[in-house]
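The structure appears right after this line, and notes come after that.
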Amino acid sequence: MDELIRQVREFAEDRDWDQFHSPKNLSMALSVEAAELMEHLQWLTEDQSRQPDQKLLERIKEEIGDVQIYLARLADQLGIDPLEAAREKLKQNEVKYPIETSRGSAKKYDEL
Amino acid sequence: MDELIRQVREFAEDRDWDQFHSPKNLSMALSVEAAELMEHLQWLTEDQSRQPDQKLLERIKEEIGDVQIYLARLADQLGIDPLEAAREKLKQNEVKYPIETSRGSAKKYDEL
Amino acid sequence: MDELIRQVREFAEDRDWDQFHSPKNLSMALSVEAAELMEHLQWLTEDQSRQPDQKLLERIKEEIGDVQIYLARLADQLGIDPLEAAREKLKQNEVKYPIETSRGSAKKYDEL
Amino acid sequence: MDELIRQVREFAEDRDWDQFHSPKNLSMALSVEAAELMEHLQWLTEDQSRQPDQKLLERIKEEIGDVQIYLARLADQLGIDPLEAAREKLKQNEVKYPIETSRGSAKKYDEL
């Protein structure tokens, strides 16, 4: 991840793109890429989405790459480590969704 | 990243959530979390978004964690490594956005 | 629609919110509200989403209201009539998706 | 609006698309279209977004049309009138954001 963050930073610096890369703008780009990923799956059934053919899988992989790139860039601009942020959130979720009461239910803890 | 992917997988398995975690559903959750991140920045100016106070930064960090978690989970369900996907996309972008013609311009290469 | 647009305009003017209502910011707010709507449906099956209970239906109605409000406001800021824009797009779609070749297929015309 | 809703319904029925138009799927399509609209504005400054040239304005109008179409279709599938939903939400917002305390502030009422 550290290497990716550094590569994305260099990519942006080489092109003098820091001026466009405010956290506000990067959050928009992140949402746009997440939507492009979703677009590939919107008319599929859930089962179909679990078994994409090779061509679709390749497109999805590209979009996952885009989302990861913008997430790394946004986090870097704010001095945040995305993996550390994820680990901390996962710990919070373990409290929020106890195994016993959450098993097999997609309901949020505060709605149980 | 490998460790995060494994932790998220165990978190889902412990709660029997694989049934909800189709790529289709996970792409929706990813978009929703990206939007929640964006919500914190939508009424700020770009400059303000570059200098969040500690409270806002903490909230943004949580949302970055959420996006990273769902991205890792979605990639895992499809057998994709998000960091490898990002590196490959970055290579494509180096061809798509040559330094010389892209410097200081946010225009897409195909619009130049 | 004209009445709604006027009401939303007055609502914003009364609060001196025009300064925040740039098309850029409104497009973010529109995406955020669309995501909040989607959040209510993300863990449901398609069949479940066709038969929401009264409580869920009420929540969805509120989010549809939010999306419509921001869409009207964004269109108004740019001098666009959303209903006319929709009618024109529908005409384009009739050419793009001919009945004969589109029947029962969710594929995009350019992918057929 | 009633006429648009009827036209969109006929468009879908002619193509036998009701099978794809579950509220879940339509909420995804709505979010995707909202993101495509936002994509046109993500690298612009707020001021630039207030003064789009004719070409950009035309593209934005098409995306506004797409969002309005999917919003009308989603509301129709659930028996909701989008304009009535917007009017009711606007009434709630008048209570939530009193003129006196909201003037010139983008903060949410519950954060004031």
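Going in written order, the chains are labelled A, B, C and D, and every chain counts its residues from 1.
What we mean here is this: contacts are C-beta pairs under 8 Å (C-beta built on N, C-alpha and C of every residue); 3 or more make two chains touch, one makes a residue touch a chain.
This one's a predicted model, so the numbers in the text were calculated from it and none came from an experiment.
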item	value
A-D or B-D - the one linked by more C-beta pairs in contact	A-D
Euclidean distance of C-alpha centroids - chain A vs chain B, Å	2
Separation of mean Cα positions, chain D and chain A [Å, integer]	24
Junction residues of chain B, two or more chains touched	20, 25, 28, 31, 34-35, 38, 41-43, 45-46, 106
Topology of the chain contact graph, where touching chains are joined (line, ring, star, complete, other)	complete
Contact footprint of chain A on chain C as seen in their complex	28, 31, 35, 43, 45-46, 106
Residue ranges of chain A touching chain B (in the complex, touch as defined)	1, 4, 7-8, 11, 14-17, 19-20, 22-25, 27-28, 30-31, 34-35, 37-38, 40-42, 44-50, 52, 57, 60-62, 64-69, 71-72, 74-75, 77-78, 80, 82-83, 85-90, 92-94, 97, 99, 102-104, 106
Chain C to chain B touching residues, read off their complex	20, 25, 28-29, 31-32, 34-36, 38-39, 41-43
